[in-house]
Amino acid sequence: MFHHSSKLQYEVRVDTPDPVFAKYLQQAIGGVEGEIRVAMQYMFQAMGARGDAKYRDMLMMTATEELSHIEFLGHAVALNLEGAPVSVQEDAARDPVVNAIMGGANPRHILSSGLSAMPVNSNGVPFDMSHVYATGNLAADMMANATAESGGRVLASRLYNMTDDKGMKDMLSFLIARDTMHQEQWLAVIEELGGWSQQLPIPNSTPEDHEATEHSYYFLNTSLDEPTPEGRWTSGPSLDGRSEFSKREKVEPQGQKPDLGTARPGSGTQTEQQ
Amino acid sequence: MFHHSSKLQYEVRVDTPDPVFAKYLQQAIGGVEGEIRVAMQYMFQAMGARGDAKYRDMLMMTATEELSHIEFLGHAVALNLEGAPVSVQEDAARDPVVNAIMGGANPRHILSSGLSAMPVNSNGVPFDMSHVYATGNLAADMMANATAESGGRVLASRLYNMTDDKGMKDMLSFLIARDTMHQEQWLAVIEELGGWSQQLPIPNSTPEDHEATEHSYYFLNTSLDEPTPEGRWTSGPSLDGRSEFSKREKVEPQGQKPDLGTARPGSGTQTEQQ
Amino acid sequence: MFHHSSKLQYEVRVDTPDPVFAKYLQQAIGGVEGEIRVAMQYMFQAMGARGDAKYRDMLMMTATEELSHIEFLGHAVALNLEGAPVSVQEDAARDPVVNAIMGGANPRHILSSGLSAMPVNSNGVPFDMSHVYATGNLAADMMANATAESGGRVLASRLYNMTDDKGMKDMLSFLIARDTMHQEQWLAVIEELGGWSQQLPIPNSTPEDHEATEHSYYFLNTSLDEPTPEGRWTSGPSLDGRSEFSKREKVEPQGQKPDLGTARPGSGTQTEQQ
Amino acid sequence: MFHHSSKLQYEVRVDTPDPVFAKYLQQAIGGVEGEIRVAMQYMFQAMGARGDAKYRDMLMMTATEELSHIEFLGHAVALNLEGAPVSVQEDAARDPVVNAIMGGANPRHILSSGLSAMPVNSNGVPFDMSHVYATGNLAADMMANATAESGGRVLASRLYNMTDDKGMKDMLSFLIARDTMHQEQWLAVIEELGGWSQQLPIPNSTPEDHEATEHSYYFLNTSLDEPTPEGRWTSGPSLDGRSEFSKREKVEPQGQKPDLGTARPGSGTQTEQQ
Amino acid sequence: MFHHSSKLQYEVRVDTPDPVFAKYLQQAIGGVEGEIRVAMQYMFQAMGARGDAKYRDMLMMTATEELSHIEFLGHAVALNLEGAPVSVQEDAARDPVVNAIMGGANPRHILSSGLSAMPVNSNGVPFDMSHVYATGNLAADMMANATAESGGRVLASRLYNMTDDKGMKDMLSFLIARDTMHQEQWLAVIEELGGWSQQLPIPNSTPEDHEATEHSYYFLNTSLDEPTPEGRWTSGPSLDGRSEFSKREKVEPQGQKPDLGTARPGSGTQTEQQ
Amino acid sequence: MFHHSSKLQYEVRVDTPDPVFAKYLQQAIGGVEGEIRVAMQYMFQAMGARGDAKYRDMLMMTATEELSHIEFLGHAVALNLEGAPVSVQEDAARDPVVNAIMGGANPRHILSSGLSAMPVNSNGVPFDMSHVYATGNLAADMMANATAESGGRVLASRLYNMTDDKGMKDMLSFLIARDTMHQEQWLAVIEELGGWSQQLPIPNSTPEDHEATEHSYYFLNTSLDEPTPEGRWTSGPSLDGRSEFSKREKVEPQGQKPDLGTARPGSGTQTEQQ
């Protein structure tokens, strides 16, 4: 069950409201790199967690933290929209500089939300929940989470660079920090479970006779004119310790030429196809 | 530039067509765990790759392989739909067993595609390209790719269990194998670049003074009644080697109570709010 | 069956074409507050109306009116796009002021629609029909309709403030007026049916023994540090006249700690979860 | 800031797991009538609330409650999926009755989520955040909330009828009860603010000279062959007390026939249009 | 401006209600081959039509007809849902045959719409307005319309085969007929304007010096192992009469190897990329 | 199976990087008129092709070419983003002119993709695969393809006009040329199969007794006040040679007034409806 306290997890201060930066910040709320996504992803993973209960607890605790991130980012968006012109009658709206700036703002911050945050990204595209990745497989989910936090910290770092508002930089430095922890905590689960050599390939419970292992360890060069890019993935032991990496070039197709024959009567095709 | 050869990368054989399994297979084509996603993800990452060109080449080569996976899976769907009833006049359609089975099929395989594959998942929801994750950050992208391949191999393993058609099991064992390689090849890039200790936190180029590092290494327990789940993430060196993990419990909010005051005239609010 | 007359329901005049305002107006066509939504919502509600036929008629008549609103708004968008630069060769396009303005326009008005309206909102996001709310429950549908018209009139009022074009203000004053009527006509249905005391809770046909009525009339304060906001909802008779409002603070969870145990073999999880 | 306790808000018990009912329950999680929607809607409204702070508090408190509803519904879905066949090898999967039942289940509950809840509706369509209605106008938002809770209680009542599992009926009776309270608490805000006569038309701050009031109070009969459906909306005082309702039949269009003339060179049209 | 008469354009009769066929019919309402799409497509094309006004009139007239098709199809869906079980208490719901059938029905027809039509396709996916194709180019739009009607008639023909209800077959034979006319009427516009030789390539107003015409008339064989499929498109005069068709095999790429160099500091990439 | 060569199909040169034009170009990648759409559309049509195998080959060859178009357009977007400011510290970002320009850019090109292409349109809306039209009917599919290429060439012509960069104009002139060929090659299939007189109405295999042919050849004037727009579609032989075109004006509805009666108990409606 969830509870709430009235104060924000972290202080939000905006020295100079900036409606264009409000639009940028939306990416951290409703973008695929944003906080709605991680809050919901961790919550759904927790609800489906099977096995050692501590991972379920960990997921739910961090889901709860991410909800608090949505909350303070939402406040940051609203503060950045304070004073944005809501009427052409206002002085601000008559100023060509303001006008040019407003061209880069999200019109729905004025027209739809009344100067507050929306669950959309910086293009105004609403977040959709297909981005909640939760497979029920612990290692796959930890990877998905570390990925989400990587995207999140890349985004927060870019937002940090795109503002010179001290309050916003301070808030973003907190987000950057928490994303550091969250990246590492999910990867630490993998390490605790024996590291990649134990956890790969995911799922590690797939019986080996379900796998055509003769195809499991070569890098396939599909290029007609490029040599294989050599690296850790073309030779040496595979990361799961089960085999050796190798490479294959100029491979011939192994399958047939596909042929579906003619169409059946009654199938809605042209007569010429039947 | 792309080229094509007429044969499939791998042989596709369906011993007993099964329209319900055709629907299931769609998840591997148009699901978030599917082949359209990885083909397009690797292609867009390649097009935006900066730095050592070998990663770009690697991405494009595997993107090309994934296009071939779409192709043979599409053929597998069509073969599973061979003989599905297209008319209530057909004998098959009069059979109550067939009817019950068809209740579990995707009606659009009959109504919309004419007994062939569609770029949708097993619920008939079209794939949307927001799932192409490509940040321009090499490590974040490698993580996203290993995640996608983990989801892919989880799915292929589940599909393998849900059929007893020998041809389909053979095809899926190939997919399981290639997903093994692809998981490991993307993680091998991280290893080649010095491993997590070098690559974390992502992006590793964010200047340390952009980060409130006092918040970077504690696990936050947001629960009111659960002890902190202890593990690799609550003590010991952080994965990036920069610090030590710790934990925080029963933290107080650090921010203010948010307050936006009254609304401005002309902002479309109720008079009582102004 | 539908019919059409060649003239618009209301006159549309644009004194000074403004491509940025054309983008804003799109919200009233293809936004969730817009006319496609209400036209389709009333039409689908009418098609599913059961009970007194006069509500069906009323719904279809207003659906028909809303189709006419789409039509004149579409013309307003096209008129606002007259003269927008379609080529960098044009004088207008060489003007830095025009250029800055065009930065705030929707590029698809030039690239995709050829200077005319599209069924998208002011961010260019296409309307999707999941916003057609039609439950088959008359009172729920009336509420949904009054809500849609409220959002619509809020939007029209904001658009009115964001232009100083006389023609556009005149057209919007008509929309504001019709939204007044439509808000009130749907709420008048509730009043005619005995008002909230008769119609609540929706559906009013749910047998009382399907409801844990001991949980039906208290406001739940989930905050750890805020007193309950007192008001009409914390004391006095409930709006349905069946009970009294009260409040609950610092409630304990009533359920169990969820636990799904271990995962089954064959379920695509990690071995460690099984 | 958010917090969590480890127990569910309400006890969840499933006597007979039913994967088809698991699919149905998804509508209450990820449908437009579901709990993700109201949790997020109230949270975003709270973050944008201006005016008397008690409405903000109220919104955030109920948002927090709705998060707890997602949580216990998610557990209910998982419990209904316990024992669903994950392999054709299992006895259950060989049973034609089970097979027919599984035809009505969501295949992604097996293939994608590993027998747990997803943020999708009962058709497997992911929830999208465009359904978070938050205008910044208090009355419009209260209406949207009462609408959402009406849809929610209609859905919960229908789900109650579609199961005979005692545990599920008990859980749903709790949801039905809380939806009763939530419908009424949002409408009570309207009542506290003076009722519809004060709050209509929404927004009540729109200056009267922005409205073509001669069009504000008649019901428009757009039918060619039906008399006007008479009722509270065709005569008597308008609900806002500003005027009298009336009706108009066989109205003539008031606008012009639209005409955009010819297309400009360079606009990508056919020569014949220029 | 739109008007309505109370009767349906065509009689709808359902002899034996069938909730599974109700689901199938949804494809004709809310599918990409469906009536919402053509109604809205023709309406938006009409609103953006420039050039000879008769095409605008023609578009609006057929848009109006398509609205009437939505209406009678919506009624057909509701009639097919009459008697579907809304409670497990009902006799029908206890019948295993009914249960198996209901497994193939759309649960939202019971849970969400209350036994009536929704603006979704046969997978329950809502129609989205991005499928309204309207370019402002007359010939491109006529093509899009003939395409939509082709898809529509393919669908109606398939639906005809999937039912043996006499009423439904009669209604579908009307739709098949109207789709015949609509396919041909849009193509007749092309013929009236001089046929393909005049109208191609679309847009026919693109100046020839904007086109690398040396690349305009060869079929490109991108296969490594297949001969060029010969036909009308590999030799003989081009359809626009401007040139001759030819073919090219084993073409070499004409461009450079792409290379974006290193990433800039501050761009959120890994240090190794900079 | 697919292969790749390292060079682009066509040379891409950007003389003056322009982040706003980068946003415009996205329409040609991820718009409904764009290259992802045609690549995937032709590929899925090929995978479902039944009848003469040469059409399958033709489709797959052109699908392969379109993949190469995505590739060079993606490079063009990245080159246009070279030098765009990624930090407010940069000189460029301090320049008000640059700032105004950036207001017209896509912020996700900086925040999300790291200065490279994304699979979105010029509004930042991701491409969704519902736009892959593939019916299994050869003629319907050829029409859909010629339509897509028409939209594509209209777009490329408009983009050509919106830039004065020589490199971009050169690249676009190549796209314009290939779209010419592709429009004509799909229409040439229709011609080879006997032209419209043989191929219409689509599907031409629908038995004539499935069609209410008395409704197949009249243009329906649904206007109350406009004469029928006369043309090739109102008289003369129908394009399929089966009949004569005619027109109908002021038609009466042929169907009943719809009536669903009262609602059933247990259906979640209001008591008043039952």
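When the chains are written out, they are named A, B, C, D, E and F in that same order, and each has its own residue count from 1.
What we mean here is this: a contact is a pair of C-beta atoms (placed from the backbone, for glycine too) under 8 Å apart; a residue touches a chain by one contact, two chains touch by 3 or more.
Worth saying up front: this structure is predicted, and the values here are computed from it rather than measured.
**Student:** Which chains are in contact with both subunit B and subunit F?
**Tutor:** Touches both subunit B and subunit F: A, C, D, E.
**Student:** I need the common contact partners of subunit A and subunit C, sorted by label.
**Tutor:** Of all the chains present, those in contact with both subunit A and subunit C are B, D, E, F.
**Student:** Could you work out which chain's C-alpha centre is the most distant one from the centre of subunit A?
**Tutor:** Following the centroid criterion, the farthest chain would be E.
**Student:** What's the distance between the Cα centroids of subunit C and subunit D, rounded to whole Å?
**Tutor:** 11
**Student:** For subunit A versus subunit E, what separation do you get between their C-alpha means, in angstrom?
**Tutor:** Distance between chain centres: 32 Å.
**Student:** Could you tell me the distance, in whole angstrom, between the mean C-alpha positions of subunit B and subunit E?
**Tutor:** Computed from C-alpha means, the inter-chain centre distance equals 29 Å.
**Student:** When you check subunit B against every other chain, which residues touch at least two of them?
**Tutor:** 1-9, 32-33, 47-48, 50, 57, 60-61, 64-65, 68, 71, 75, 78, 86-87, 89, 100, 103-104, 112, 114-116, 120, 123-126, 128, 130, 135-137, 139, 154-155, 157-158, 161, 202-203, 206, 222-224, 226, 253, 255, 258, 260, 263, 266-269
**Student:** What's the contact topology between the chains, one of line, ring, star, complete, other?
**Tutor:** complete
**Student:** In their shared complex, at which residues does subunit F touch subunit A?
**Tutor:** Going through subunit F, the ones touching subunit A are 1-7, 47-53, 56, 86-89, 96, 99-100, 102-104, 106-108, 110-112, 114, 120, 123-126, 135-139, 193, 199, 202-206.
**Student:** So in the complex, the part of subunit E that touches subunit F is made up of which residues?
**Tutor:** Where subunit E meets subunit F, its residues are 3, 5-12, 32-33, 54-55, 57-58, 60-62, 64-65, 68, 71-72, 75, 78, 82, 86-87, 89-90, 114-116, 125, 128, 130-131, 133, 135, 137, 139-140, 143-144, 146-147, 150-151, 153-154, 157, 160, 169-170, 172-174, 176-181, 183-185, 187-189, 191-192, 196, 200-203, 206, 210-224, 226, 228-233, 238-240, 245, 253-258, 260, 263-264, 266-269.
**Student:** Hey, which residues of subunit F end up touching subunit B in the complex?
**Tutor:** Those residues of subunit F that touch subunit B are 1-9, 30, 36, 40, 43-44, 47-48, 50, 57, 60-61, 63-65, 67-68, 70-71, 74-75, 78, 112-120, 126-130, 132, 134-137.
**Student:** With touch defined as at the start, can you tell me which subunit C residues reach subunit B in the complex?
**Tutor:** Touch residues, subunit C against subunit B: 154-155, 157-158, 161, 224, 266-268.
**Student:** Give the list of subunit A residues in touch with subunit F in this complex.
**Tutor:** Listed in rising order, the residues are 20, 23-24, 27, 31-33, 97, 100-101, 103-104, 121-125, 154-155, 158-159, 161-164, 222-226, 253, 255, 258-263, 265, 267-274.
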